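Once you scroll down, you'll see the structures, which are given as structure tokens.
Okay, so chain A shows up in both of these, paired with chain B first and chain C after.
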Partner chain A sequence: MTAEEQQQATPPAEEAAAAESGEQVITPWDVQGGADGKVDYNKLIEQFGVSSLTQDLVQRIERLTGRPAHPFLKRGIIFAHRDLHEILDCYERGEHFYLYTGRGPSSEALHLGHLVPIMFTQWLQEVFDVPLVIQLTDDEKTLWRGLEQAEARRLARENCKDIIACGFDVNKTFIFSDFEYVGGAFYRHIIDIQRCVSMNQVRGIFGLTQDDNIGKIGFPAVQAAPSFPGVFPHIFGDRKDVRCLIPCAIDQDPYFRMTRDVAPRLGYQKPALIEARFFPALQGESGKMSASDPNSAVFVNDSAKQIKDKINKYAFSGGGATLEEHRSRGANLDIDVPWKYLNFFMEDDAKLAAIGREYGAGRMLTGEVKAELIALLTDIVGRHQQARTQVTEDIVDAFMAVRPMHSALKR
Partner chain B sequence: MTAEEQQQATPPAEEAAAAESGEQVITPWDVQGGADGKVDYNKLIEQFGVSSLTQDLVQRIERLTGRPAHPFLKRGIIFAHRDLHEILDCYERGEHFYLYTGRGPSSEALHLGHLVPIMFTQWLQEVFDVPLVIQLTDDEKTLWRGLEQAEARRLARENCKDIIACGFDVNKTFIFSDFEYVGGAFYRHIIDIQRCVSMNQVRGIFGLTQDDNIGKIGFPAVQAAPSFPGVFPHIFGDRKDVRCLIPCAIDQDPYFRMTRDVAPRLGYQKPALIEARFFPALQGESGKMSASDPNSAVFVNDSAKQIKDKINKYAFSGGGATLEEHRSRGANLDIDVPWKYLNFFMEDDAKLAAIGREYGAGRMLTGEVKAELIALLTDIVGRHQQARTQVTEDIVDAFMAVRPMHSALKR
Partner chain C sequence: MTCDAQVEALKGVDGLVTKNLFLRDKKRRQYLITALPETKVDLKGKCSCCAAFMVYVEQPHKALLYPFAYKKQLFPAAVLSARLGCGKGGLAWAPEELLAESLQVEPGCVTPLALANQDSCKHVLLLLDQKLQAPGCKFFVHPIVNTASVLLDAAGLDAFIKGIGRTPIYADLEADPKIDKDNPPDLKQFADTIEPPPKDANNGDGSSSQVSSASSSQVNLPAAAAKATAAAAAAAAAGKQKKGAAKAAAGAASAKQSNAEHHIKLTNVVQRTDDIVDMVAQALLGKPAAEAAGSDGYALRRLKADVQMQLTAFKNAAYTAGYVAGKDEVVAYATRRYA
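After this line comes the complex of A and B, so read on.
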């Protein structure tokens, strides 16, 4: 689920009160910053009880994998975790773990914010060489967004192509739609999880109410289940001991807090998490990216002209109101969207630092920074579109096939 | 679900109040008669909004099938329905319908009360020559009774053997365990049903509360789904127009009231129902048959000696307190359990009427009536046990196989 669903969810009274009083509210359906519209990530770490991802841990990843850290790790975009050190301990001992991430297929194409956890997951799979499962929650979109099933399943398959285009290893990646794959071991795990969770608990964790449909109320177990290797007998056989690491945006943490509570009662270890900040809307951090507002985000199927127009017209600038003011006081990088986007996607650390220095000092203008961003995104999106044209229906079928994959645990 | 689960369910305030004030309370988990401990079936027809099964309808069944009515029909044991006349209209026009019934596998063996809807369903299949689906709700027993899944699945298979021993046609009968069969079309129907039903509604219909686990809250959709032919593509292909007739005990009516509300929103016709009275516990109508109290019921795996002992020791008698009183005032057949059991299982109408006449007048003694019942049940249970020994694992597999069954719609 994404913040887009906020209009469908009824936050409980205490959260509504928190939002009114200017406190930040972060749930899988609702991301509202504090009084200034910004998300206070340090406060979030404390509220959620997650751990800060220290540079020590980042360096340990580099040592263990022999690979330079992903820019998201170096720049604090991936900023929090739960039990990541235990996963690294596993890896160091030569034990196995697997990755689990997901996507709620509510739009024809992904936007850049959707790409963040997917690109990072692809990197994790590459450097650790581990199996990966990707859940397409077409059932959730039917329950929350009122999408007809046929449409939700179609979008799941379209989104699957965008995901595959990010470069996953077909020999170690299983992508599944809930509508297709729930059943058997998956269904049995859902029931075992649901047995451990009361309506009171989902009210407390997710803000679901008596007015919500019973599918929504049961859904948290559907998102929880793939955290357990028993859901994938074709990959893990009957092994219950394979650890799971979940890369996701921080708003998904409530699902996995619930999952971690339940895990020991089902004889499983708790899944570990590695969590990302939110990718800001073009209008700024307090805005919301929404598939229903094409001008709020850059989508992976946007044309070069659309990208250029969106960035130039909508990307919120932290530059001075006038040239004189900008030259004298510089840009406010804290609120500048082009700068934030560059932080996510520009790989060249030195060039990025130079832009930050020059722009922050007022020597570089917003227009120039936007031009850099337009060139960068046009290149990334263009390459993505090129990769996606190579993703045939047969390749989608190959990723989505329920098939023996025991070799995925060899490395 | 059965009345056995009442201890797990929390009835809503209004129902608790009703029970305290001596009003009857009938839910899938709770059967409490009125102030006198008896269920007032006429009142229930009004409360539930079902129709009385008139002798006109019974005669129409006889005319259409060319077969004498089942004793349950003639004796008012099957006493209520919803839209049965529409099913008969279908049949008369040469159109197809199918039967759907179920069993919650919470005990090693069935008792006589469990047999009532199953025997009646077997008769319906035989005289109408129609396909039948039988749901084994092993998931429900895990959610409500705390049964481990392996045990629930084992009991489902054991109960399946008892069901098969009742004489179903393997060419037209599909028996499925939820833990095995939920998935694909079944899961997609569950989600579509859950989308139409709020927590408030399941609270109102079933008395589920915020303290209940979210699996219980979602479960009504799992029991509802097989009312729709789309759940069984291997039987019905993509036909959405095949009508469904559900034989069940009246306490299951709330599930199908919900189902009938949802049906038009999913493009289906409402399932029709044909509903049975409760089979009384040995201790009388206000007692409860329970698998955890072996002396409350006769089980299909009881020995001849156990049957004899249970009937003699526990079957509540409506006879006079003394021989003199009995001879002068006769037995009170309204509360006499041996007489009630004979009404369910003695096929010979004339003999049954004679026993009623003689016993009611005090000329026949309780011991004599019990001897008749013991002989009858020993024969029925013995034949059942004999039939069950013929049910091999291969035969179970054959009934439970997901297989093309399009010929089931030919007659």
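After this line comes the complex of A and C, so read on.
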């Protein structure tokens, strides 16, 4: 469940009041910046009570894995965490952990904002060499969006292909749709969790009311359960001690707080979190990316020409209004969308820094920065499309098969 | 000889016999516990106070040697195991080979003095019963050679321990402290000072680690389904077994598991990407890829990303072909298509 997808929910009174007064409001169903439209991440860290992901942690990851850190880590895009230290301690001791992430298949079209957490999860799997489970919440989409079940299940499989195209290791990755996998150990855990959470708590996190259907009230347990290894006996056997690390966007944090609260009562350790900033819409921080607005984002099935047009026409520029103004004052990197996108996707630190200097000083022009970005995104999206064409229905079946994967725990 | 008979035989001797337990955890760290006979180390089984007894009585006309064989018991020292941070069932008797390898003594000859073998004992933690520190307490330990006994007190033993570069660690071995998230295991800090021995490919020492016992319980799957896993794994790689994979392990399920692991290692896409790109650069340009790319780091990164993507797609297709074949094998068997 992402921020952009929960528009019908009524936020509880406190959040509404905060929004009124111009403060920022971040909940799993709504993201609003403060009075200036920007999200204050430091305030968020304080408000949510998460830990800041500092550079020394990034360096520790580099030391432990022997690989350079992902650009998202180096540039503070992945900026917060809960219990990441403990996961790294685990790893250092040779103990196991696994990754858990998910996707709500509400639309066929994925955009770059969706890809960011998925790409980061793939990188985590690669450098730590750990098992991964990916939940496709087709049931959630029928409950909230009123999608027909057949359509939700179809979208789940279609999204699955894009996920597989990001390069996960089939030996260690289990992708499942709720409609197919709920039952057995999964269902037993769902009931255990539901028993521990009151309606009041759920209402607070999800903004539910008395008129909401009962599926919505019970659903949070379905999304919480995969944090516990007992849900996957074909991967973990009867082990209860394998820890879970959840890469997600920061707006999911309130949701996983519920999960962490429940964990000890079920005899499990709390899942750890590693959290990302929001990916900006093309129109800038105040805009919202939406599957229904094609010009709000770059989509993974965009052609090279579409990418070029979108960046040139719609990517919000922080450059000067005129050439003279730009040369003299430089670009406002704080609000410049192409610059922000480069921070996400340009791997070359030195080159990025140079662009930042030159563009910030007004020596480099918006058009040139956009050209760099277009080249980069064309490569990334093109490669993704090529990978996706090679994902067959049988490959989807293989990733989704409930097959023994105990060897996924060996390194 | 039983413990009681032992104590009876030593009635006239001015000194206490010690019992020395040699245990190991799942990471193959070893624990040498030296305690007084009556100290209960929470062992289960008939003989609740000893694993190995070493008593020498130095009398010219008698050389009494009372070795006791290790007793196989489930979950020895469960409380101690938890206190060391190994979980309740984390400790097991160390097999004879470890005794020979680490302490370099014969079975029945376990003694703290064996830690003089500093190199071979670096994965051993020595844990001493704090009752040995009681004032006036003198106790026997076995010297490395079996022709005499050594009568020590705690100070003397400490001097030896410090002399070999260790710190003496005494604990109340009978304590049963509460362990929860606010009360971490009290002896774990000592266990953590010991490095586990490195893992090697031939790690099939029959140790019942939780993962392999979990997979043996999974062996209740129909044999054909287990074969399907093997078929899928076989389709994904060349197929020849290496010695590590074929090594006798604790049963069919574990053998299949190491097959799967072996093949998983062969499908490491990142390494192969680097190898292939270098191979091509070397063949066509006569130099490694990084050199051939020169200053254009992006071109090389993009190439590697493309190659890695293609290799992953290839791997997925191969894995899936094996998976489909495995499924078909099960269906064919069930429907007796080829009977």
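Here is the rule we go by: the second predicted complex is superposed on the first by the 410 of 411 C-alpha atoms of A that agree within 3 Å, B and C clash if a C-alpha of one lies under 4 Å from a C-alpha of the other, contacts with A are read in each partner's own complex, and residues count from 1 in each chain.
By our rule, a contact is a pair of C-beta atoms (placed from the backbone, for glycine too) under 8 Å apart; a residue touches a chain by one contact, two chains touch by 3 or more.
What you see is a predicted model; the values in this text were computed from it and never measured.
Q: Check whether A:R239 is in contact with chain B, with chain C, with both or with neither, and answer first, second, both or neither.
A: Touch partner of A:R239: chain C, not chain B.
Q: Given the touch rule stated above, what does A:S198 touch, chain B (first), chain C (second), both, or neither?
A: Only chain B; A:S198 stays clear of chain C.
Q: Just checking: does A:D394 make contact with chain B only, chain C only, both, or neither of them? Give me first, second, both or neither.
A: second
Q: What is the contact status of A:E347 with respect to chain B (first) and chain C (second): first, second, both, or neither?
A: Once the two structures are laid over each other on A, A:E347 reaches chain C alone.
Q: Scan A:S303 for contacts with chain B and chain C and give back first, second, both or neither.
A: Neither partner.
Q: Kindly classify A:Q386 by the partners it touches after superposition: chain B alone (first), chain C alone (second), both, or neither?
A: Touch status of A:Q386: second partner only.
Q: Please indicate which partner A:R403 is in contact with in the superposed arrangement: first for chain B, second for chain C, both, or neither.
A: A:R403 contacts chain C only, not chain B.
Q: Note which residues of chain B are touching chain A in the complex, please.
A: 139, 142-143, 146, 149, 178-184, 186-188, 190-192, 194-200, 202-203, 208-215, 217-218, 220-221
Q: Would you pull the chain A residues touching chain C in the complex into a rising list?
A: 94, 126, 164, 167, 169-172, 233-234, 236-239, 241, 264, 347-348, 351, 379, 383, 386-387, 390-392, 394-395, 397-399, 401, 403-404, 406-410
Q: Can you name the residues of chain C that touch chain A in the complex?
A: Going by the criterion above, the answer is residues 27, 87, 181, 196, 210-211, 213-215, 217-218, 221, 226, 228-229, 232, 236, 257-258, 260-261, 264, 267, 269-270, 297-298, 301-302, 305-306, 308-309, 312-313, 315-317, 319-320, 323-324.
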